[in-house]
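Right after this note come the structures.
Heads up, the next two complexes both have chain A, just with different partners, chain B and then chain C.
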Partner chain A sequence: MARHLNRWLILALVVVLVGLSMANKSYLNQVAITTMIFIVLTASLNYVTGTAGLLSLGHAAFFGVGAYAAALLSTKAGWSFWFTLPAAGVITAAIGIVVALPTMRLVSIYFAVATLGIGEMLYVTMLNWVGLTRGPMGIRSIPAIELPGAKALGLSSTEVSMLAVALVMLASLWAMHRLSHSFYGNSLRALREDDACADAMGIDIARLKLEAFAVSCFFAGIAGALFAHTTGYISPESFRFGESILVLSMAVIGGLGSLYGSVIGAVVLSVLPEALRELGSFRMIVVGLVLFLSILFLPRGLLGEVSALDLVRRQLRRAPAAGGRRRW
Partner chain B sequence: MAATLAMPSASAVTSAATSAVTSAATSAATSPFTSATPLLVLDQVTRRFGGLVAVDSVSTSVGEGELVGLIGPNGAGKTTLFNCISGVVPPSSGQVRWRGQPLAGMKPYQIARLGIGRTFQNLRIFPNMTVFDNVSVGAIGREPNRPWSTFAGGRAEAARISAVSEQVLEQVGLAAVAGELAANLSYGKRKMLEIARALAGRPQLLILDEPAAGLNDTETAELAAFIRRLRADGTTVLLVEHDMGLVMSICTRVVVLAFGRKIADDVPEAVKRNPQVIEAYLGTEEDA
Partner chain C sequence: MDATVFLQQLVNGLSIGLVYALVAIGFTLIFGVLNVVNFAHGEVFTVGAFGGLLVITMLAPPLWVVLLLVLLIGGFSGFALERLAFRPFRRFADEASLKSKAMREATLLSSLAVSIIVRELLELKFSGEMQTIPQSFLLQSPIALGPVLITDGNLVIFGSSALMLGALQYILFRTRVGMAIRAVSNNVLGAQFVGIDTNRTIIATFVVGSLMGGIAGIMVGLYQGAIFPHMGFEPGIKAFVAMVMGGLSSPGGAVICALIIGVSETFATQFVSDGWKALVSYGFLLLTLWFFPSGIFATRKEKM
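Entry: the complex of A and B
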């Protein structure tokens, strides 16, 4: 059943995305690009939160780190997109490791609170390190993506962007799929289900947590680079706590632990607000309602491996017991 | 349990001397005291929690090929001693040695990788994973398990994990439900799944923490037969149990704890007749 659901939903999705991309309106094209970027971002959050069970509440900030890394490397150092893209991933992963190293020793809900703090710290840094980031003014005129030979084929710059973003999205999804649908992925799931037990089975959980976080940050950075180069302008406002929660909602609606679910959740919550634009500011109420109803009636999301509420509840319950275990 | 304990008559209790004779006769092949290569040695292991001495200077050893039972009434310190061995709680003093190597400062996963597998007293399977995936985690723990091996060079590793997992599932009789979610299994099967997961790590020493808890008589008998087969296949087993029945019927040697101290360490026949053991379990004759 779930298998078939996967196939139909993915098919529906491809139709939506292709439809948006083919549309001869640059607004719809932009929606398609944003949706694909959010697919990568949601999948990266799902990797660390849904598969490895580490609830991260500051993911948008890592998205921002990637965006700033790409923006600065291209505007100040003149790098092209194909170099800033991997660089943004690596820089974000490195920063993720550095800030996460002290928090890796925290368990369950304490880790979630720490990521919340890290997210705010990164946001405030983007906002106030005016010398580097130009603060609230943001960075403008970030060069668009260029594909070799695009001119010869007569592709417009929007088409080039869509194509490049689609390629990077597919490659990212493939990589995360390989990582999570393997025995390595099983060790991540063991971490989510019961970390002390995984430890007793011979799995180095401290190392595994760090790896999961680094991989997740890498792809958040990739998404950030896509964002910077396709919008041409970034400012700290796009990387606040609210965005982290939006991305988390996408992962939860699709189903924690399911890569397909993340794709679907990202499409639903990216396209829905655009489709409801006529409702004006009321549209966010509808979005909130969708989230609320999905938690109520689909506790595992559409395709999830674990119930989001269970995950949080379990972490809350385990917290005091784990507090007594101070050895690592 | 009561039936087993009722067996030694009053005369047997008073003449402890006969036990030495019995033990020498019945345990020539598996004598605890002549074990050539002790796998695990506990040397004066003590663990204090604040003012409470949970484990008080316990020394014993587990030799290769033995099936040792660790028993004691509730609160005797069995689980704490277990945790000292598996690295969950470090001993306050004393030493745990594995093949002569001290385990001090090692984390649970490092100890597991040395070849000490374990199960948990209160079932700790991974409920949202399939039976096969649960078992695979035990095998993954013995492999390098690096993320890049999922892209290149990990084929042999994955093949080893698959092969071991399938073989262990066959061994415990769960092959037919390999694709089921672990949460959907019956209690008895979940218990076997936990043992299977530990076995997938190819342990030289398997420590079972109250495997019979919550099982009915038939299931317990099956478990006893299974543990005997394990030992016949060459796995050394340390059985931590609250219930004496299972321990007395299958173990080659029994260590008894009471109030954190070791009060007996002998073949089952001798332990059954040990007055201190009987007192710890049933109270003194005056009390009874």
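Entry: the complex of A and C
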């Protein structure tokens, strides 16, 4: 039941977001698109930080790598969105693997520190490699997303973006769900809970960590490509440490380790600042307060991960009602 | 590069390195007692600078009074930070939960949240722009020392850092508070057995660490003539790198590494443009983690 509830929740959210887009206001469309991109980004961070337990403090930089890859491929090489999207994911994953290889031996806080360093290095590179990234000026006029047959259906360009982003978001969530709700996902959780024990059980922890990081970077790159193509303009300022922290906050508020939680967290923290626009400069303070209060009162997040033990307990409690048959 | 330029850059590098060192000490002390990275430490630095600025604009006292008052402000901000972001999560006092993974993650994020709130409040109050500092307080008047030109800011930074480091050495090794801090950082349970109040010791650690961070803030503000709400970020990260290089909870190691970072960063500007300068410290960080996964000056077994 709980699982079905979660699925309905996601579906409801999608309906709400699509509904927002159909409201025919470009501002609401923009909010919906940004929210969906952040859902993908938060879910990708949650995959490595929540499920595999590797605290990453430089996730926005990988988001940026994906955005720059997509932007450069489409403006310089003239690729269309459907080719830049996977290419951005693959390039980001490759860069993630290369920079993360030396850090794979590190545990806990050292890994977090290393990702912070990597993130800042990538940011400094984006800012200063003017020949490639045009530095602080950013890259302008990135072509928007195009769908075949959109003209025939009479869809506006924002509606096309909405649809494409929603499709990519659902596909990414599905892929991450399949990865984390499987035996493979369980080995990631084993790694999170006790890596020495997982090692002793015959799990190749170094390889698993690398794979988890690569998958996470892949989806961060996908989110970056969506960002580049929907906003049309990117500059290094969107990929700084503060952004990494924002994404981490989304994952934490939703509940680390829970994919559904990531969706909720991303929605709350993207929509809240927009809803509080009247408050003006108070809104970042409200975000900080929400983060603080949620850690204090909801340590497992709004929709935290259900532990295996809880699942068993729930099954046992429900068992008599289901005809006295104990289903294990 | 001739000898004059070399000396000149050495002086500049050492000054900025000393500032990083003062910030890094706070990081290492707090990491020692709680095994947690205090992400709001950069904001203590900023609060020190803004507090000093307020003192200057309202009272305009002599410089040493400003520094003393900033010490007070820094210490108080450390106390408040501990109360707000760390105390609420410490429900049990035994070592297992005091340094547990859950504690670490919760306080890491809560200190982040507090740092966001503080930074945004400052921005709201003072706007995000650089603040105007009264000319007479800027520590930028040049002093010729032979062929080398230094500023009085260099002297103030050298002098007060030496004083602070000496005082820290005295506090940590000669006073009861310092011994309690070292005891808790070494073994919480053992410290409790001999009657040390861990809560008070943790507060003392935050106060001592934040004193240093706050005074570093006002000195940098006056030396570089730049006080703004986001000023704590860069020294915070550099000090963080120094802490990791130094082995997380060794103040001496952190000071040495902070000096190395400051000096090499300054020399790097001779060869590359200013923007790439930041790569130096991150490069150091990754090299250290690669070759010395628990820091260069790590003395005891890491307890992760």
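The definition used in the following text is that the second predicted complex is superposed on the first by the 289 of 328 C-alpha atoms of A that agree within 3 Å, B and C clash if a C-alpha of one lies under 4 Å from a C-alpha of the other, contacts with A are read in each partner's own complex, and residues count from 1 in each chain.
One rule holds in what follows: a contact is a pair of C-beta atoms (placed from the backbone, for glycine too) under 8 Å apart; a residue touches a chain by one contact, two chains touch by 3 or more.
A quick note: this is a predicted structure, and the numbers were derived from the prediction, not measured.
**Student:** After aligning the two structures on chain A, examine chain B and chain C and state clash or fit.
**Tutor:** By the criteria stated at the top, chain C and chain B fit after superposition, with no clash.
**Student:** Touching A:187, do we find chain B (first), chain C (second), both, or neither?
**Tutor:** first
**Student:** So, A:127: does it touch chain B (first), chain C (second), both, or neither?
**Tutor:** The answer is second: A:127 touches chain C but not chain B.
**Student:** If we overlay the two complexes on their shared chain A, which of chain B and chain C does A:179 touch? Say first, second, both or neither.
**Tutor:** first
**Student:** A:289 in the overlay: touching chain B, chain C, both, or neither? Say first, second, both or neither.
**Tutor:** In the superposition, A:289 contacts chain C only.
**Student:** Output check: A:147 vs chain B and chain C. Expected answer is one of first, second, both, neither. What do you get?
**Tutor:** Touch partners of A:147: none, neither chain B nor chain C.
**Student:** On the A-aligned overlay, A:299 touches which partner chain: chain B = first, chain C = second, or both, or neither?
**Tutor:** second
**Student:** Identify the partner contact of A:106: answer first if only chain B is touched, second if only chain C is, both if each is, neither if none is.
**Tutor:** Once the two structures are laid over each other on A, A:106 reaches chain C alone.
**Student:** Identify the partner contact of A:200: answer first if only chain B is touched, second if only chain C is, both if each is, neither if none is.
**Tutor:** First partner only, chain B.
**Student:** For the superposed model, what is the least distance in angstrom between any CA atom of chain B and any CA atom of chain C?
**Tutor:** 12
**Student:** Can you give me the overlap between the chain B contact set and the chain C contact set on chain A?
**Tutor:** Of chain A, no residue contacts chain B in one complex and chain C in the other.
**Student:** Quick check: in the complex, which residue numbers of chain B touch chain A?
**Tutor:** Answer in residue numbers: 86, 88, 90, 107-109, 112-113, 118, 120, 124, 126-129, 133, 136-143, 145-147, 149-151, 154, 157-158, 161, 197-198, 201.
**Student:** Given the complex with chain C, which residues does chain A contribute to the contact?
**Tutor:** Where chain A meets chain C, its residues are 55, 102-103, 105-110, 112-114, 116-118, 120-121, 124-125, 127-128, 241, 245, 248-249, 252, 281-282, 284-285, 287-289, 291-292, 295-296, 299.
**Student:** Looking at the complex, which residues from chain A come into contact with chain B?
**Tutor:** For chain A paired with chain B, touching residues are 175, 178-179, 182-187, 189-190, 192-194, 196-205, 208, 211, 215, 257, 305-306, 325, 327-328.
**Student:** Applying the document's contact rule, which stretches of chain C touch chain A when the two form their complex?
**Tutor:** 37, 85, 88-89, 101-102, 104-106, 109-110, 112-114, 116-117, 120-121, 123-124, 233, 237, 240-241, 244, 248, 273, 275-276, 278-279, 282-283, 285-286, 289-290, 293-294, 304
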